[in-house]
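Listed next: structures, encoded as structure tokens.
Next come two complexes, and both contain subunit A; in the first it sits with subunit B, in the second with subunit C.
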Partner chain A sequence: MTTAASPLEAEERLTSRSSSKEQARFGWSMLSPAMTILLIMSVAPAIYLFYVSFRHENLLGPGSGFVGLQNYIRVFSSPENWSGAVATFQFVAISVVLELGLGLGLALLLNRKFPETNLLAALFILPLGVAPVVSALVFRVLLDPAYGWVDYYLQLWGIISDPIDWLGQPFTAWVAVIALDVWQWTPFVALILLAGLSGVPAEPKEAAMIDGAGPIRLFWHITLPFLRPFIAIAFVLRTIEAFKTFGSIFVLTNGGPGSSTEVINLDIYRIALQNFDVGAASALGIVFLLILSLITKQLLAILGRSTDIMEE
Partner chain B sequence: MSWLGKLITRVVLWLALVIVMFPILWVLLTSFKPAELAQALPPIWDFMPTLQNYRDVLSGNTYTSQVFGVLLNHTIIVTLSSTLLGLAAAVPAAYALARVKFAGRQATANWILSTIMFPPAVSVIPVFVIASRLGLTDTWPVLVVPYAAFGLPMMIWMLRSAIKQIPFEIEEAAMVDGASRGQIIWHIVLPLLTPSIVSASLLAGMLAWNEFLFALTLSRSAIKTAPVGISEFTSMYGTQWGTLTAAATVTVAPILLIALLLRRRVIEGLTFGAVK
Partner chain C sequence: MASLGIQNVVKSYGVVPVVRNVSIDVADGEFVVLVGPSGCGKSTLLRMIAGLEMLNSGKITIGSRDVSGLPAKSRDIAMVFQNYALYPHMTVAENMSFSLRLKNVPQEEINRRTERASKILGLDKLLDRRPGQLSGGQRQRVAMGRAIVRDPQVFLFDEPLSNLDAKLRVQMRTEIKELHQRLRTTTVYVTHDQIEAMTMADRIVVLHDGIVEQIGSPLELYDRPANQFVAGFIGSPAMNFIKGHVDASGQTFVAETGAEIALKDTPREVHGRTVTLGIRPEHFVLDAQNGLASQVIVVEPTGAEMQIICQFAGQPVTAVFHERLNVRPDDVIKLAPKPEAIHLFDAATGVALR
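Up next is the complex of A and B:
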């Protein structure tokens, strides 16, 4: 301990050689390329959206102008936006819960050492590399009521008697949307948790087993506390990504049938780029951004409490 | 564990593998089927594998407006340039956040991380409107800059935690020997960072390669990428299963091969370096 100074002390010593003003100038100049790109893609769009949200913006001709709170009033009085909000939370909640539950189960099974587990764990990485557009198209083709394999084999095995038009009814369309997300991302959660499980030490487990603890108590009191940071990472990353989901739902159902699977992201896209009502889309975007930033704050707080990656 | 427990565990694991692999293997299988058998029910399992679908896709013998090989080239260009731009911005930023002391450092790092919540469906509106007004639609920057931004927070956080793990004494010793900060970063920090740079680039590259929304909105033909091209294989004229699956295979295979080969690096990247 006496031979090496801690990095912080060393940093202090080095810092004292140049003035803190110089340090700050150096730091910000190193940060400036990244900050420029991030400002262009986050703060600048947010400011623009805020500005446009108080305007009627006609992209194709004249008639643009200030309209006060009209866009916000329209956003809040449109039943489609409310159902979009419900659809979004429904999508995020159901898929993240399923992915964490199934992912944890899969990780626990993979943690039992069988001859094939390394091979299986390696192959489980594949779904997260598949472009969401491709997986959505494949699901769409497989679920086709006339030519799809899913209905064909379900009928062949006697599980259903008539083909199901999966994407033609709200409930089954939701099943398809959630199934697609769960297929794509459960292995991701499982691999994160598997990495966490490999760090659970054996000694406390053995000691508890000698004391007569059953498998459920072992899991609850020994495995789970060690897994906590990994569960937090998987939960936070999946939740944020689920709120941003666009391409897979756009390709699989395009929000249909009707608007039953139209999450907010699809709603905004349709209002802005198909109805060309940029003002209303911006108002909706601003409301969504505000809600998301509140949620993100909570999520990052969870990350900070459960892991050390947020520490200075 | 009892032999029954072991048996059940293994059966469940193999069942999970079948579910995970089925859509991928279905794509691969269908892409080698002769066009007239691709949609047949009951599914035909013994057929003469053919490369016709791949020839059709790469030579443009499909119903799509552009040759798919051209779109694939666009994807490669956009992926490489946005990843390189991201790296060029992320390495100095990560170094500053890890090693340089200044007020607001941690707040800046947290703000950078929090930008990952910005939904692309929201940011695409201003980018689309402004790009249209400036006449930038269908030019490289409207995809390269956003894609670099999508990968940046993760790259910076990963590289920052990697730089923190490099013993500072090494840098200090070099400084005592009269090396400048630029020399230290280039000759000492960068080589030690290589594994994390690979992880970060892999993830940023995957994001760019698979991105759909910005490409759909901001490209017409000059920069149209493969994911947008694939989505055009289903149209009002129906889905061409053979060419669709061949195009999907060509697009997805490079990513899957890299993911298999560099599995640990990919997982590290997907979790912002939190899982080593």
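Up next is the complex of A and C:
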């Protein structure tokens, strides 16, 4: 073993190097279809959106041209956009909090070891299988003051004397929009938390029982901390999704009455496809995208913190 | 501190009986070890004492209180679990003081008791760590600390050492025993390891298939096992058993192969009876005159002693010698059991005959 690298060894090294290069090339070729689609479907439109946001682009008006920050100035000076932002945050905050609360309750209910719980779980999860647009259409029919079931039964049971025009008043329209979202997405939260609950180990609970904890303190001091990462996951996913809500509100209220339930997404849609002011809509889209990415970053940080606490 | 009474306790899961009519009295300050093979019901019994499982019938008392129907939190006991069962989101100090905080004990008192327990266990430098940052032995100590700060009536240990490596296990064994000598808290300790049982217990309860086989001090169990199961379970390496019968005179045991072993002081009732002879590995001697010729199969020197596995009266047996013998596989040695150390068991029921 005193001789220097023989020609054979050198050749071996060469082939191994070329094979690793080959491997990389193979990897890239496998990735390239997905990358191409991603480029065409997401990256390119985003870049184009950014480009358009600095231009005057009106589908009805005369010619297009570079206008600098004018679109952004218009976005920030429009009171409608500000009210849209407020509506969006209001919608997200109330829906997500309700979904987490109800979802936790539902998960605790379904976590009991009864034979009926499997059937119940299946029933509770049904809303997840309904397309948002479909559930919005059904809600609209249910809430109709003339022939909807909701007003009919409320009157029948003597809770109200005159039918309520749910979608005709700002407050009740909000109730309807949030109720729809909560109805549709609470099972999703419950499902995540149920998975979390089934993973809470028995021993710390038993240790806490022996340490003197009753059911409430057991939940508060042991179960809830173990659930924290799952609550964080549900919170992050629901928050991101809630910001993106469009179809259900579009169908249920179309942002009305007036613009009371007009969240940013509907606002962008109206500017772009009703006013045909694509430049301003692009600018608003870019601003919303930036805000959303900042929020997402914060949410992911929360998620990271809550998961490493439980790591052993 | 208090005595602990277990009276006619029965527990079954569905139709499967797990604990059948068990009665044990643990004196105030006593260290009792429940030992038995897996599935013998020892952990279930411990969990019933803790209040984590309910009894089907029977009674459990702590001091003069009947606790059979009380929830775990009202029994004033502390338990150390096999996998420690620490609260992963709490620091060591928070883990130890959790029970005191639940009882709204004043902060100074909490600090005082946590400090005392952590000093006893050498945890004082780790109080701000979380369980995830501790080694197995340290976690075990925290679990014990959590029990100590409670100052409970009874300590329960559920196989607390089985997740530790061999060296640490021996060390913690000593520590737990030392701790008991210091605190004198009534303790029930569950293990499947008979060496742990022998070294730690004031008294051992041997459980098998949900019944008590024998209760006694470690040496009582070793010297006078009540039946073949206890004889085989207590002691390491295990007792050797040879099937055969006692001759009519009661002077000789005749193995199934026809080999003869001398007996001493046998009771009249065993004369002429079919029995199982039991002899511990350490009770063999080399006897050039009266010994049975036995072919050596394996020699295992451990340094302190030599274990020799050889063919004796038609079956492999283990013999232990403290002197160093120059023996090799296939050698033939003359082996004889000490007549006064021979145990006889009824061949059918396994009950000791003496």
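Things worth noting here:
In this section, the second predicted complex is superposed on the first by the 271 of 312 C-alpha atoms of A that agree within 3 Å, B and C clash if a C-alpha of one lies under 4 Å from a C-alpha of the other, contacts with A are read in each partner's own complex, and residues count from 1 in each chain.
By definition in this document, a residue touches a chain if its C-beta (ideal position, glycine included) is under 8 Å from a C-beta of that chain, and two chains touch if they have at least 3 such contacts.
Nothing here was measured: the structure is a model prediction, and the numbers come from that model.
Clash-free side-by-side placement of subunit B and subunit C is the outcome of superposition onto subunit A. In the superposition on chain A, no contact is made by A:V92 with either subunit B or subunit C.
With both complexes placed on chain A, subunit A has more residues touched by B than by the other of subunit B and subunit C.
Residue contacts after overlaying the shared chain place A:L167 against neither subunit B nor subunit C.
Contacts of A:A280 after superposition: neither subunit B nor subunit C is touched.
When the two structures are aligned on the shared chain, A:G214 is found in touch with subunit C, with no touch to subunit B. In the superposition on chain A, no contact is made by A:L143 with either subunit B or subunit C.
No C-alpha atom of subunit B lies closer than 11 Å to any C-alpha atom of subunit C in the overlay.
In the three-chain superposition model, subunit A touches both subunit B and subunit C at residues 309-310, 312. On the side of subunit A, the complex with subunit B involves touching residues 4-5, 7, 10-11, 13-15, 20, 23-24, 26-28, 30-31, 33-38, 40-42, 44-46, 48-49, 52, 57, 59, 106, 109-110, 112, 114, 116-117, 120, 122-135, 137-142, 147, 149, 152, 156, 183, 187-188, 191-192, 195-196, 229-230, 233-234, 237, 240, 243-244, 246-247, 250-251, 264-266, 268-269, 272-273, 278, 281-282, 285, 288-289, 292-293, 295-297, 300, 307, 309-310, 312.
The touching residues of subunit B, counted against subunit A in their complex, run 1, 6, 9-10, 12-14, 16-17, 19-21, 23-24, 26-27, 39, 41-43, 85-86, 88-90, 92-93, 95-97, 99-103, 105-106, 108, 110, 112-130, 132, 145-146, 148-150, 152-153, 156-157, 161, 164, 167-169, 172, 175, 181, 206, 209-210, 212-213, 217, 227-228, 230-231, 233-234, 239, 241, 244, 248, 251-252, 255-256, 258-260, 263, 266-267, 270-276. Per the touch definition, subunit C reaches subunit A in the complex via residues 50-52, 71-73, 75, 77-79, 81, 83-89, 98-99, 102-103, 130-132, 146, 150.
In the complex of the two chains, the subunit A residues touching subunit C come out as 201, 203-204, 206-214, 217, 221-222, 225-226, 228, 309-312.
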